[in-house]
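Going by the order they are written in, the chains are A, B, C and D; count residues from 1 in each one.
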Amino acid sequence: MVRVGIIGGTGYTGSELLRILARHPEAEIAAVSSRKEKGKKLWEVHPHLKGFYDLEFVEPDFAVFSECDVVFTAVPHGEAMKYVPELYEAGVRVVDLSADYRLSKEKYEEVYGKEHEAYIDAVYGLTELHRDEIRGAKLVANPGCYPTGAILAVAPLADLELVERVVFDSKSGITGAGASPTEFTHYPNLHEAIVPYKITEHRHYHEMEQELRRFQEDIRVSFTPQVFPGSRGILTNAHVFLRGELEQDELEEIYRKFYDGCYFIRMQRSVRLSYVRGSNFVDISVHKGRDRVVVVSAIDNLVKGASGQAVQNMNVMLGLDERLGLDYPPLFP
Amino acid sequence: MVRVGIIGGTGYTGSELLRILARHPEAEIAAVSSRKEKGKKLWEVHPHLKGFYDLEFVEPDFAVFSECDVVFTAVPHGEAMKYVPELYEAGVRVVDLSADYRLSKEKYEEVYGKEHEAYIDAVYGLTELHRDEIRGAKLVANPGCYPTGAILAVAPLADLELVERVVFDSKSGITGAGASPTEFTHYPNLHEAIVPYKITEHRHYHEMEQELRRFQEDIRVSFTPQVFPGSRGILTNAHVFLRGELEQDELEEIYRKFYDGCYFIRMQRSVRLSYVRGSNFVDISVHKGRDRVVVVSAIDNLVKGASGQAVQNMNVMLGLDERLGLDYPPLFP
Amino acid sequence: MVRVGIIGGTGYTGSELLRILARHPEAEIAAVSSRKEKGKKLWEVHPHLKGFYDLEFVEPDFAVFSECDVVFTAVPHGEAMKYVPELYEAGVRVVDLSADYRLSKEKYEEVYGKEHEAYIDAVYGLTELHRDEIRGAKLVANPGCYPTGAILAVAPLADLELVERVVFDSKSGITGAGASPTEFTHYPNLHEAIVPYKITEHRHYHEMEQELRRFQEDIRVSFTPQVFPGSRGILTNAHVFLRGELEQDELEEIYRKFYDGCYFIRMQRSVRLSYVRGSNFVDISVHKGRDRVVVVSAIDNLVKGASGQAVQNMNVMLGLDERLGLDYPPLFP
Amino acid sequence: MVRVGIIGGTGYTGSELLRILARHPEAEIAAVSSRKEKGKKLWEVHPHLKGFYDLEFVEPDFAVFSECDVVFTAVPHGEAMKYVPELYEAGVRVVDLSADYRLSKEKYEEVYGKEHEAYIDAVYGLTELHRDEIRGAKLVANPGCYPTGAILAVAPLADLELVERVVFDSKSGITGAGASPTEFTHYPNLHEAIVPYKITEHRHYHEMEQELRRFQEDIRVSFTPQVFPGSRGILTNAHVFLRGELEQDELEEIYRKFYDGCYFIRMQRSVRLSYVRGSNFVDISVHKGRDRVVVVSAIDNLVKGASGQAVQNMNVMLGLDERLGLDYPPLFP
C-alpha cells in the first residue's frame, strides 16, 4: 500500500482527498495535518467521514510526513512552498494543490511581484496533457480549477494552431472560494445571484495562457470568472474565434482524436454540471455557430478541478492505473 | 412629514427600513446611524438604494436622534437598551426591533439570566393583536420574526381556549441570521440543506408562550426553528392538538372572524412564501386532519417579521393609516 | 385614469404587469384576458395578488379591449399578431411584449423563415435609446429580456463606433423560460446548475445586432444565453474588444454622459442581481482589462426585461413621467 | 456474479440503481426496461452514465427478466403489481420500490379504497429493523422515503414503549417528486420556497404507523411532508412527547444500543443533509428539551430512501455483506 500524507486536512481540498482516498485500493492515509485541529479525530471536524477514519490530526512535522511515499500539500498559496522543498529533497513524491509551482519562475515572479525563494521545476499536472512527464515525476503542480476546465476545452484546437482568439467565461460553485466564511460567501450575498469577480485580472489567466501557448504561441486568451449559486462545479464557455472554417463534424472529430484514450474526458451532445458531480470526469460539447465555435466544458471543481486530479496524478506518478479510487459514476441529479 | 431616525442602519433590518420608508408618503428619514460606516453615503453601503437617498451615516448621538419624531432601534439585543431609555424620556416615540423589551421584566431576567437595568414597559407590537395599545404608545417592542408567524397562526384558536398542545416547526430564510458572515451562513453549509438549530431552546419560544398565554393560560407550546436555503421568508407549520372537534369550515370561519378588518392577514387555500415575498402580508391556511389541525403561516421575515411590522406600528402609533408605505403587492415569483 | 387592458394575464409577464400596475397612480386595469381561466378571479390564479383586484379573467374579445386606452399583449410569439393589428387600427395604443414586432419585416422573415402577414412598423421600446420615438407612438415593440441588458451595456461604446467585437455571455433566472413546466424547468435539472442553451443560435441575437448596428454598422456581435438557478434576473458579461485604447476613467465618463438623465440606469462599481431585483433599474459596471473591456449589466428580467419596461413605455407614450408605478427600491437581499 | 434486472430504468430510482450497481463487486446488470426508450443506449437517456454501460433499454418482458437472479421494480405505484407476481412465482427474487407491497392487504385496501388483486406477503425492507426476515426473503417491499427516516428516528423509543405522541415534520428534496415535470416541480415555484403538501393526508403516514405499532401499539403518530429547494435528501424532525423522563445521556445510550452493529446508522451531535448526500447512511441526533425530545434524522432520499436501501436489501437477501456497492463516503459539501 502507498503511504499517503496530507498537509492541510481541514479545507475543502483536504476533505475531498480524504473522501476519495477512503476507498483507494492501493493507498492508505498515514498522516493528516492541521495546526488548528491537531489532536482531534478527523471525523470530529468532518462528520460526513464518521466511520471511515480513526486518525487524529497532527502537526505538519517533517519527521512524520517524510515517512510517506506521497504527500499532498493542500494548503493556501504561499504556504505550500514552506513544505515542498524539504520533502522533495527527502525523496517524497509531492502533489501540490496550491498555486506555488504552477507557473514558470519568471512568470510567477511577474504575476506575484516578488521572488520565489523555494522554486523547483515541477510538472504541470493536467494529466491528459502531461501524462508522460507525470509518470515518474517527483513534484507535480496540480492545476487550478478554472484552468483545468478551460485548457482542456481548447487544447485540441490550439494544438492545430487554429485559434485566433478565445474568451473563457467561467462559472464556479462556491466551494471554489474555500471553507472559511467571508462577505463573498455569505449566503444572502449569493442567493439568486451570479457574481463575476476579478473580472479582468484573475491569476488563473496566466496558467491558461502559459499552457495554451505550449500548443500555439500566438493564441490570445481572455478570461472572466464568476460564481453561481451552487456548491460544486465549474462550467466554462469557451468562445473560440477560429482561423479558417470547420464543420461541426470536423470539430467533433478533432476532439475525439485528441482525447482518444483519455478515460476521464467524455464528449457529450450537451453538458451539465450534474453529469459530472462528485466525479473526475470532464464533459465537453462543441457547438459551431455562424460567427464562432463555442466549446462548453464541465468539471467538478473539487474533483477534476482539485483533489480528484491530484489522486489521478499520484496514480500516474506511481505507475498505477490512473482510474484507481476515481472510477465511479457521477452523482446525478 | 414625520421625521424618522434609524439607529443601526447597516444590518438587514436597518436596510429594509430604508427600502420601505423610501416611498412612505408621510415620513422622511432624518438620520441613520452606523459607528462603522459614519461619513459614508447610505448608497455606498447599500448600492441597491443608489438614487434614493443622499444622506450619510452618522454616529448614534442623542442630540441628533432626539430631534426625530420616531426612532427605530435596529441594533442587536443588548445594544438597544443603551439608546431606548434616554429617547423615551425625551418624548421620542421608539420602535425597538431588538429583543430587549419584548418580554416582561421577570421573564427577561429568567431567560437572559441577568438583571435588565434599563427596563421600560413596552407594548408588544404584534399589530393585529395589540392595535389599540399601540395607538398612542411611546415604546413598542417589535416582535421576533418567528413569534410573528407562529402567534398569528394560533391566536384565533387560543382565543377560544381550544388548544391542548401546539408544536411549531418553523423554517426561515438565511437573512434571519443577520448580515455578518459566520460558519452558519457560509454558502456551502446551507446549499441543498435544511438546518435545525437551537432545536429545543430558541429564545423566541418565550415570546410565543408569553403572548399565547394571554389568550389561553394552559396552552402548551413547543418550537423548533431551522433555516432553509433561501434569503427571505418564514414558513411555520403549527401542529395543533385541539380540545374537541371542529370541522374544516368551522375552523375557517373562526379565522375569518378573528382577523376581520386586518388588511395584512390573508386566508389562503394554500400558502407559499413567494405569495408574501417583499410584502407585509401574513398568509395563513388551515388544514383539518384526522389527528390534529395544521395551520400554516407565511411571512417575509424582514418585512412582517421585522421592518415592515415596525413601520406598521409607527403608522398606528401616530394615528396614520397602518398601510402607509406598505401597501403594494408581493414580489412573485 | 388611463384604462389598461392586458391580453394574456396568466403568464409571468402578465402577472408582473398586474403587480406593477396595482399601484400605478394614473392607470387602472380595465380588463385582463385568459382563455383558459376566464370567469375566475385574478387572485384565484395569482394568490399573491389577493386583496389587490376583484376582476375576473375574460376572453380576449376585441369589443372589450378596444375600449381600453392602452393594451399590453403578453402572449407568446406568433399569438400577439392576432390581436395587434385590429387594436392598432382602432386607435388603441399597444405595447407588445412578444417578439412579433421587434425586428424589421425583412429580418423577421429571414429569422422565422416565413412571411409576417400582419406586419406594422413599431418603435423598438428600449426606452432609454428611443424615448423620442416612443413619445406618441401607437405601437411599441417591447424588447426581449436579453437584448435589453446587452444593448444597454454596449450602446455608449457603439455610439462612438469603438467596438471591434463584442461577446455577450448572459445568465438568466428561470422565469425567463415562462410559467409552463417543461423538462428544462424541472427543479432537479436546474439545481446546482448553470445551463447554456441555444448556444450559438438564440433569436435574441438578431435584436442585439439590429439595434447595435444603428449605432455602429460594422459591429460584430456574439451571444450565448444560459440559465442560472434563480427565479429572476439577467446578468450579462459583455466582453468588448475595442478599437484603440481607453482608460478606466474615460470609459466611465463615456457611460455617464451617454446615460445622463436616464433615471433607471445606474453606474455601479460592481453590480449584483440583488441590487436590481423587483425593480426597473439597469445597473452597469465597466472594467478595463489588459486585453479588453468587460461591461457587466444587471436587470430584473421580468421588470426592465419585460413588464416594467412595458409600463415605462406606456408612460412615455402617454406623456407621463416615465417613473410612474416604477419608482421604488429593489428588493435586496 | 448476481444477474440483476431493473424494470423501470428511466426514473430517478432506476437511474440511481444504475449508479450504485455500476461498481457493485458481486452484481452485474443483465437487463433494464423502458417502454418509452427501448432500443436506446442507457447513456443516451442518462448521459452521466456514459462510459459505464453499453446496454440498451428493452421491453419489460417476462422472458428476459425471469432469467435474472434479482429484479428491482422501479415503476410507479399500481404498475409494480403487474410484474411482481409472475416473477415471484418463477422464483426470481424481487425488491419492489413502489408502494404496492408495503402495507398489509387490509391496510392497503383501506388506504387505496380498492381491492389488491395481486397481493403477496412481502417483508418490509427497512433493513435495520427486519434484517433476519429479509435474509432469504423472496419479495421485499422497499420502504417509502419518508417512512425510512421517520421510523428509524423513533424506533428505539417505541421499542421501549416510551412514546406518548410523535409529530414528524419532514423536508424532502425535489427528486422525491419524480423525474417528470409538473407545476409542483417547476423551478420558480420552488425557488426560495419550502412547500408543505398533503399536509395531513400523505399516504406514507400509514407505513409509519404500521411499522411503529409493531413496537408500541398505542403510539400516536402525526406527519406533515414538505419540499425544500434542493435535489436530494430528507430531513425529519421527530417531536417526541415521552412517557416519563429521560436524561440526554440515557437517550443517547438507548439509540447506541438499539443500533449497535448497524453500519449505516450513525449517531451525530448534529446532523446535516450534506453529511449523508449520495450515501446510504442515516445520521441521527437526539435533543432533550424542556417539553419534549426532538430526534432529527437525515438520509439521501434516493439512496437510503430508495435505491441504496434496495441494494442493501438485495445484499441481505443473497447472504452477501450488506455494504457491498454502498460502502463509500458521502459527497460533502
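Everything that follows uses one rule, which is that a residue touches a chain if its C-beta (ideal position, glycine included) is under 8 Å from a C-beta of that chain, and two chains touch if they have at least 3 such contacts.
For clarity, every value in this text was computed on a predicted model and none was experimentally measured.
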Repeat of interface A-D, chosen from B-C, A-B or A-C - more than half of residue-number contact pairs shared: B-C
Winner on C-beta contact pairs when B-D is weighed against C-D: B-D
Chain located farthest away, centre of chain A as origin (C-alpha): B
Chain B-chain C separation of Cα centroids, rounded to whole Å: 35
Euclidean distance of C-alpha centroids - chain C vs chain D, Å: 46
Centre distance in Å when chain B and chain D are each reduced to the mean of their C-alpha atoms: 39
Interface hub residues of chain A, defined as touching at least two other chains: 12, 173, 175, 188, 191-192, 229-232, 272, 274, 277, 333
In the complex with chain B, residue positions of chain D that touch it: 165, 167, 169, 171, 173, 188-189, 191-196, 199-201, 220-222, 224, 226, 228-233, 235, 237, 239, 241, 272-274, 277, 287-292, 294, 296, 333
Residues on chain B engaged by chain A in the complex (per definition of touch): 12, 173-175, 179-183, 185-188, 190-192, 229-231
Residues on chain C engaged by chain B in the complex (per definition of touch): 12, 15, 18-19, 22-23, 46-52, 175, 191-192, 231-232, 263, 266, 268-269, 272, 274-278, 281, 283, 327-333
